[in-house]
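Read through the structures below before going on.
Presented sequentially are two complexes of chain A, the first with chain B as partner and the second with chain C.
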Partner chain A sequence: MSLFLVSFASAQERFLTKKGMISFFSETPIENIEAQNNQVLSIVDATSGKMAISILMKSFMFEKALMQEHFNENYVDSDKYPKATFKGAIIDFDTITTSERSLAIIGNLTIHGETKEITINALTKKTGEVIEMAGDFFINLADFNVKIPSIVKNNISEKIKVSFRFQHKPYKK
Partner chain B sequence: MKKISIYILIIGLLGIFIGYKVYHKPHINVAKKSIDITITANILLADFSSDETKANAKYLDKIIAVKGRVTKVEFNGEKAAISLQTKDDFGSVVCYLVKDEFKKSAQIKEGQEVVLKGICTGFLMDVILVKCIIINSK
Partner chain C sequence: MKKVFLNTFLILASLQLCSQDLLDILEREAPEMENIVSATFKGTRIVNGHSIENRKNKELEFIISHRFGRVNTGFEELFGLDQANIRFALEYGLTDDLTVGLGRSSFEKTYDGYLKYSLLKQKTGVNAFPFAVSLFGSIAAKSQKAIPGEERTFAESLFYVGQVLIAKKVNSSLSVQLTPTYVHRNLVAIDADPHDIFALGFGTRVKVSKRVSLNAEYYQQFDKLESINARNSLAFGVDIESGGHVFQIILSNAITMVEKSFITETTGNFFGGDIHLGFNLSRTF
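For the complex of A and B:
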């Protein structure tokens, strides 16, 4: 963790949230599955436009306890892979203004020990001391080697919609 | 013949009933669960900072009673997040309380010593406990 932090150059220009929100949604004709995590750590370096996100898999809360159990034990193996991470760069970060606009973020997303490069579009704005970012994107379970047993194949979508909302504030300590 | 079909019907209904029960299994009720580990916020954070993999194996998914001094109480709607002091400048232990604790958590003051009980989900900059309840505040 400390390494991860010092990799960002200037401390004054760092914005972060420890209470970022990430949710995901799987939609099938049989059932919809949704989970939300409100303890996401997201850091933006305002000098370089670099971004780093850390997510605890066990912090995803499901409507049904059984789904949560299956998610942790069978699908993402959260004992072995307790975190998902994203490290990337916000393209044209210096064009950020007080009015909301869509910016692309290119980076590596790691889930379940598997890393894939993705591009995410985020509605971004900076008002006062807050950098806000929100958006959604889709991931394929197969890209992260998450295997769904054939018995529940019809209950879980192969494409998962991921939504996020972060309000980064200047980091002071 | 009639008897057999009644048996099959009973077994079938029983199966549906069990299936329904398993599918709708309730979430862990932290208040009713017994404590696995009692610890201070300082030691809990120190364990995670020194060896995260070992600490994950020891604390993840466990019901933990953590004692510490309150440094911050924040609200997200009716859900409180209480940060506990540690000797580390960087991190703390952050406990996310359940909605039912709203009234009690609104009375918690900075500097107060508390014991909170919750489930450990891991370590980012802070050690994180979810579904917390207040078991002692003085």
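For the complex of A and C:
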């Protein structure tokens, strides 16, 4: 079925959002750190079930401006690696319905210049002309070569919870 | 399960072909962003003098700065460590762009207050602008009791400083700053001393690692105090950042830390060994 879709898809039905939300949360007994980005670009190709996400690192907003500066300067090198990206495919995308159901997305996540294959579960539905996806997953900072200096080891969690919510709308060139 | 596996395999196999296109679309669709260049310097000081960096909105910083005596005083004075000028200061971000500071130095029991305002920001992308400009103004009041016969009024104890800070982050490791400076003193020691002194500051920082940078700063005066045989101030520093703190270790030919003083009242000859070891410690709340 998917071979058919991939190979013979000619009518490219694509859905896009430029206002996707991605937030991350680091929890330690000492402090919680949270940041949110409401300008995430995400696109879904409805004929193939493939998707791609592009995240501008400097658009993550923190509660404290100094934290934001340190995030960009010292942890993710935003000048050198301005974007995080994901490219992957939604498994069984053809089963999408108007009622929410969990679908797996497999693909490559690139942060800080390091790429790792991950599987993410997303609650997915299509209502009218909108493809909605939401969920959360954990990443290990070490997988993306983001180093935490020993002095703040107790303030920043090695495991970061990432949440996302996208409302893709029909994309016309 | 088998179907899922097969689907997964087929999709991943053709991933490179199609998803790359999708990322290209996102690249094209990405709105052009205004990107404000941040962290031109690590601290609010390059070495002794101010950098364009402000305290952020509602952040309170407590700073303790020390300058020891001259290194060339030798072993008896433990290379200057027996003597110290200390400045305590509280600095607060009224907004992200406006910082107010109050300090007190032990040298001549000087109180100082300043305002620093970020007027223009260096930007890339939309509305790109090549450098940043901040305005700085301070008043310092000497409160040390005058020696008999040289009594002065409060107004005569005041000093004013105005600076325009022009900085550019050339790349992620190199930043430079030009600092045109005007210093006015209400009272001068002798008639030959100018009330108004113009100076031009040169500052730079070079990052040697993510959290360590080397800084240098020089103030060229265009007029000098004759009564004390003043010299231009030269200073070098190392910034070490750890979490929310910046620790600065400093070598300077000035023992003071307020603008009116280190810019116009420095007498040490750096290359003659009149070097003061010092540090700035800050804690942000």
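The rule we apply is simple: the second predicted complex is superposed on the first by the 160 of 173 C-alpha atoms of A that agree within 3 Å, B and C clash if a C-alpha of one lies under 4 Å from a C-alpha of the other, contacts with A are read in each partner's own complex, and residues count from 1 in each chain.
Keep this in mind: a residue touches a chain if its C-beta (ideal position, glycine included) is under 8 Å from a C-beta of that chain, and two chains touch if they have at least 3 such contacts.
Everything numeric in this text was worked out from a predicted model, so none of it was measured.
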Identify whether chain B and chain C fit side by side or clash on chain A in the overlaid structures.
clash
Once the shared chain is lined up, is A:161 touching chain B (first), chain C (second), both, or neither of them?
neither
Touch test for A:18: chain B only (first), chain C only (second), both, or neither?
both
Chain A residues in contact: does chain B have more, or chain C?
C
With both complexes overlaid on chain A, does A:65 touch chain B (first), chain C (second), both or neither?
both
Examine A:38 and indicate which partner it touches, taking first as chain B and second as chain C; both and neither are also allowed.
first
One more residue to check, A:56. First (chain B), second (chain C), both or neither?
both
One more residue to check, A:125. First (chain B), second (chain C), both or neither?
neither
Touching A:85, do we find chain B (first), chain C (second), both, or neither?
second
Output check: A:74 vs chain B and chain C. Expected answer is one of first, second, both, neither. What do you get?
second
Across the two complexes, what residues of chain A are contacted by chain B and by chain C?
1-2, 18, 39, 41, 54, 56, 58-59, 64-66, 79
Chain C touches which residues of chain A in the complex?
1-3, 6, 14, 16, 18, 39, 41-43, 45, 48-54, 56, 58-59, 64-66, 69, 72-74, 77, 79-80, 85, 87-89, 91-92, 106-108, 149, 151-152, 155, 171
Can you name the residues of chain B that touch chain A in the complex?
22-28, 49, 52, 56-57, 60-61, 74, 76, 81, 89-90, 94, 96, 121-126, 128, 130
Chain A-facing residues of chain C, complex:
4, 6-8, 10-12, 14-15, 18-20, 22-23, 25-27, 29-31, 33, 35, 38-39, 56-57, 59, 96, 172, 210-211, 241-244, 284
If you look only at chain A, which of its residues touch chain B in the complex?
1-2, 5, 18-19, 38-39, 41, 54, 56-59, 61, 64-66, 68, 78-79, 82-83, 173
